[in-house]
Amino acid sequence: MFLQTLITGLSIGGIYALMAVGYSLVFSILNFSNFAHGTIIMLGAYIGYFLISSFKLGFPFSFIGAIVGAALLALINVRLAYSPLINRKAPPLYLMITAMGVSIFLENMVYVTVGSHFYSFPEIFKQSTIKFFGSDISPLDLFALIFSFIAIFALHLFLTRTKMGTAIRAASYDMTVASLNGVNMNKLIGIVFILAGAFGGLAGVFLGVKYMVYPTMGWITNKAYIAAVIGGLGSLPGAVIGGVILGVLETFVSVYVSSVIRDVFSFSLVILFLVILPAGLLGKYLEEKV
Amino acid sequence: MEYIYGVISVIGIEIIATVGLSVFTGFTGLFSLGHAAFMAIGAYTAAILTYFYNVPFILALLAGMLMSALVSFVIGFPTLRAKLRGDYFAIATLGFGEAIRVILENLSITQGARGLPGISHFTTLPVVAIFSVIVVWMTRNFILSKFGRNAIAVREDAVAAEMAGIDIFRVRMLSLVYSAACGGLAGGLFAHYLNFIQPAMFTSILSTQLTSAVVAGGMGSLTGPIIAISFFIAVPEVLRVANMWRLVAYGLILVLIMIYRPSGIMGYHELSFASFKNLFNRKAANQSAGGRRM
Amino acid sequence: MSLLELKNVTKCFGGIVAVKDLSFSLNDGEIAGLIGPNGAGKTTVFNLITGVYKVTEGIILFEGKDINKCDPVSIVRGGIARTFQNIRLFNKLSVMENIKTVLFREANYNFAQVLMKTPKVVKMERHLTERSMEYLKVVGLEQYANFRADSLPYGLQRKLEIARALALKPKLLLLDEPAAGMNPEESLALVDLIRYIKEQYNLTIILIEHHMDVVMELCPRIIVINFGELLIDGSKEKVQSDERVLKAYLGEEYANVAGN
Amino acid sequence: MLLEIKDINVFYGKIHALKNVSLQVAKGEIVTIVGANGAGKSTLMWTLAGVLKARDGSIIYKDRPLPSFAHDVAASGIILVPERRRLYANLTVRENLIMGAFLRNDINEVKKDLEFIYGLFPILKERSNQYAGTLSGGEQQMAAIARGLMSRPEILLLDEPSLGLSPLYTSEVFKTIRQIRDKGTTILLAEQNAHKALEMANRAYVLETGRIVLSGTGRELLANPAVQEAYLGVRHKVI
Amino acid sequence: GGQKQTDNQSEQQSQSQTQSEQSQSNDKEPIKIGHEVALTGDASMWGQSEENALQMEIEKINAAGGVNGRPLKLISYDNRADSIEAVNVAKRLIEQDKVVAIIGPAQSGVANAISSVTEEAKVPFIATTATNPLVTVPKEGQLRKYAFRTCFIDPFQGTVAAQFAYYRLNAKKAAILYDVGSDYSAWLAKYFEDAFKEMKGEIVGKEAFRSGELDYRAMLGKIKQANPDVIFIPTAQKEAALAAKQARDLGIKATLMGGDNWGSPDLITLGGSAVEGGYFVNLASMEDPDIQDFIKEYKAKFNADPVLPNPVMAIDALYMLVDAIKRAGTTDGPALADALENTSNLKVLTGILTIDPSTHNPLNKPAIIQQVKDGKFIYVEKYVTK
């Protein structure tokens, strides 16, 4: 029972982590919570679904298609909706509200154009389970978990080991000065959004396969946002740890306390957590020197 | 006509909530994603009192305000004490809002997720009008007093404010309590306008709408958020025939406001007689122009 | 009796010892310069006195009272005000409102009265406006009263910061590089201002400054610190001719100038 | 002329900050701008760095108009060390310096320059893994200058480089400025420490409320009584 | 998209009205009937089908001369199956459009919500698939005068499901997974539990999740531990499909059962092989001989199958309303409600309708048991409780 709960928690947490990465990436450069990320995830899932079911592209290609498509959408999103604000040096809060507008807009666009039907990916792995010390784990979960962690790790290396990574962190503090150092902000922001979008697409497909595809599926990304905060906004390893912690915590609460008050419980814990660790687990709380 | 009165009533009610929130978000600079919870608490408290206990409407409304104000300590005390930074505070309020909703879904007095139907219709247009005028007026008084200036000082530079002897925690707490009370009042009015409430009405979507109105209206303006929330409610109603498209339009409008009015509809200004005069007064306009120094 | 007394104060940040076993005391009505090389710990001393940082070791007495345990707010209210090395104004408030804000303790109306906008509130507000204007006049900013604070040029922002500190009615005023960014001419005008407010408001002042002409003009007594430690504490003549100060802080060039 | 500015006007909203400003910078020169608070020195600097835009007039750099994006300006060799430091407070000192070299790909040379900087400001070496935001004011100023040097500019725009520096370091910094000029870097300097700045200037301008009111060689301006009175604090000394 | 379609629909409708304007009865003021329907959102599939069916039926009635010599006019607004939206819609229908009665809504929670408005305005509504008893009887001994419905109620449905599980499937241990955020789900779960216990069956697990949640593995893990014979999942099809998939992922082999909300093709497309073999209780079935004509007609007109059961329930409601208007001879609310209350032995689409005056619920509505087999719903039996 304990092991099964842990496995379930891990696989839920893995998905949270994957979604949280997108939030953290954007936060790491623009210091705002990109609430449109959930919508990009949703659109990624739709792209993947239509590629596999209407265009019969097969899973690997649909998978890549969803990632590319979501990355492009994220790029369009930033170019059309955020760039004007960024160029005007609007405070992050404004970007956050714009992001909410974008997400309301896109989500309802989907309602109007595609409709509110739920779609489900064709079964890639037939319903079957892998036994693991007497507990069951589905092959899909295993695949998603491993794949996500590899992808996140690669991204982490990119951000910490390259000049680009430093530039992203620098720009998050002061874009004007970053451009004085020769950083092309538009390009940099574009790259960040493409990466975030790609991860969104990845998360979207996994979510779609695991659950289903429908216009409001982006809402569960609230949980991912919470995960990102627990881990420390702007920190990738933090996002992963936050996702896993939240997933496992929630599962344990459901099993050992009550599934109905699970959210109250998790949310209270999150608040408690933040009160104790105000910057999340790995976030840097930069006390301004006076 | 009655229908239009209805829409106006809703606008009036939401103005109360928005103006309250603008004290907290616009003037004190903290971001809340859980303000719907305060509306919910006010709504349930007032509705339960009139529905089960036949408490007079006005008393029930006051009780709703009081309850919201009290509950705001639960979230405010630990988080504001810990001086959580913007986004982290927002996430705490998001969690708080959800938690309140789950609790309402699981209490028996609230009749769970089903909600409370059959609440009396006490909230008429004149009632709304009177309350919203009073609240706007009081909020304006608040903002223009030392309490308001302290709030803005904390928003602008918390460290400097502290070094000026301003107790940051108290200032933030006062704003939170005030905005929670406004939310509670709005909730109570809403319950007695719609005659029906259920937890699902008070989701983070509603919180988002309130916050969007404050930001889109202009952080640091009262009239701006009032215009914005009226717009947000009226536009979908006008577009109701166009159905799903109205939400598309709402999202688009929100984005366009943010793009074309980067500091909100009113920015840091107020729409008032004085500001009309300012239009003709070059100097005054110059003084407030310009952003951050490089 | 001394107004302020630091006894064996040490402050560490992780491995860095920013202030080390520092002791000095200041009498009522004194004006002292606090100088030292960059990174010597001067600003840190201010941060310790105002409660921004807590001392690692040692005690700080203000009017004989230990203020180590106090939070910044009560320290300010107790009578210590400061300006910042990096200007920190309430940017989106007007110049006038910047002052009005910190005068809040003079407005003895309560919240209920505010909501009802009683005549008392109106009267108090008018009073505050007048009071703020007085402070603005002291620093010569009255014609900028309605400008947004962040649209003022750097030098005027400094003056506004001083006015705001004054409005806190301190006994002890801590000025962190008030002349930074001013040319010699402006610095000297600032000297006049500081002298004036000191007399007018009966202040005790500690001044951190790298502009030696300002320090020499204003401070009969100078405290020099280096690597967080007290190097010398004495009259300006003594300090000016001290070998160690010349070597660590002023440089040979200054030695020549001083020699001349 | 390496850089030629003709009749530019710069505005902040309705505030007219630079009025018909013209000036010239030749290769290998130190050009100094002096002016009171709010005269518009920083505005000029930000404009030359491509962050602020002149409403009219022209800026010709190497016979071409100045690129319109700040990052392109940086790439073309003009680097600004902004007033009041503007370090990346969330990066370490070392990372700040690396950011200075963002456009460079000659890794070995960058390493050499880093050592050179550490030699110049030993305290930065000590603090290399500390967050820049926690440095003392003067340390920050050093780091800001160092970051500018790391990009090996053709023209270095220095906006009040001595701000917050101890007298000792102030002379150090001025010495360094002369050194790098001697190595061929052109320097445009805005300084409150007018005496020193004019002393070493090949060419100098006086800016008053957005207008150039005087120009000449550094020596000429130093000798000018009006300049002495307004910017060198001579009046007080006499009394 | 869906909305376009309905817009065209009403355009066609108004065109056909203009055409017949000159002719006979239709020059009179039309009788306005409100329609509370989810045209978008999760329930839009049924909503749109319901809207189509009603428009089709009303055209027929109008072509035949209308009611009491007046044409009918259907005014539909989208309520997205959302309570607050539905209250707005009800207000708008009543206050602005002045409808005489409302058909719909389809969801119990929504019906409960609008009842405050309709009771006060004295305008009756006839819910279609709102099976919760509280819709018409909010408290013991209290009756909402203006609330009616054409479907059976949940205690009945829950009992059907429990008895079928116990007697036909031989289940002795049952577990329940339901949605606390949904009235429908919570009450159906309770009725099932009561009925199952009454037969000395054992409820070995009762777990809940909150509306909008997608992952039930934690609760299912707990259920798995208790090793039930059947798992009753009285939720909407989306959640049911997900729960089924996740149950199979966890290696749960128990038979799955559900209520009438399962009756959507989505259950199969979403649930895939996981829902195979599951049973559920339904209000109507495509195999029902009584409605074959309707299905044919609908198919001819809209080139698609109706999405049951909402269209047939709504048509039943329309017949019930028309009959009441005729009998009352007026469209005045209280009189209309009296007439509706006394509906008896009325021939409607799904059979013969009699309303119980003390509860406003139909009497003797049979339930249909269906099963998922080879990716299709098959008709198992028409079940009447023991």
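Letters A, B, C, D and E mark the chains as written, and numbering starts fresh at 1 in each.
The rule is simple: contacts are C-beta pairs under 8 Å (C-beta built on N, C-alpha and C of every residue); 3 or more make two chains touch, one makes a residue touch a chain.
Note that the coordinates shown come from a computational prediction; the quantities given were computed from them, not determined experimentally.
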Chain E reached from chain D - shortest hop count over touching chains: 2
Most widely separated chain from chain A, with each centre as the mean of CA atoms: C
Between A-B and A-E, the pair joined by more C-beta contacts: A-B
Of all other chains, the one whose Cα centre sits farthest from chain B: D
Geometric centre distance via CA averages, chain D-chain A, whole Å: 43
Chain B and chain D, separation of their C-alpha mean positions in angstrom: 47
Inter-centroid spacing, chain E versus chain B (mean Cα positions, whole Å): 37
Interface hub residues of chain D, defined as touching at least two other chains: 12, 15, 51, 82-83, 134-135
Per-residue multi-chain contacts in chain C, two or more chains: 43, 52, 84-86, 88, 151, 154
Multi-partner residues of chain A (each touching 2 or more other chains): 111-112, 176, 260, 263, 288, 290
Touch list for chain B against partner chain C, complex: 137-138, 141-142, 144-147, 149-150, 152-153, 156-157, 159-168, 174, 220, 268, 284, 287-293
Footprint of chain E on chain B - complex, ascending: 2-3, 6, 102, 105-106, 112-115, 117-119, 121, 194-196, 198, 200-201, 240, 243-245
Residues of chain C that touch chain B when the two form their complex: 50, 52, 72-73, 76-77, 81-82, 84, 88-94, 97, 100-105, 107, 109, 111, 114-117, 121, 125, 128, 146-148, 150-151, 154, 164, 168
Chain A residues within the chain D interface of the complex: 163, 166-167, 169-170, 172-174, 176-185, 284, 286, 288-289
Chain E-touching residues of chain A, taken from the complex the two chains share: 1, 4-5, 8-9, 11-12, 111-120, 122-123, 126-127, 129, 136, 138, 140-141, 211-212, 214, 216-217, 219-220, 250-251, 254-255, 259-260, 262-263
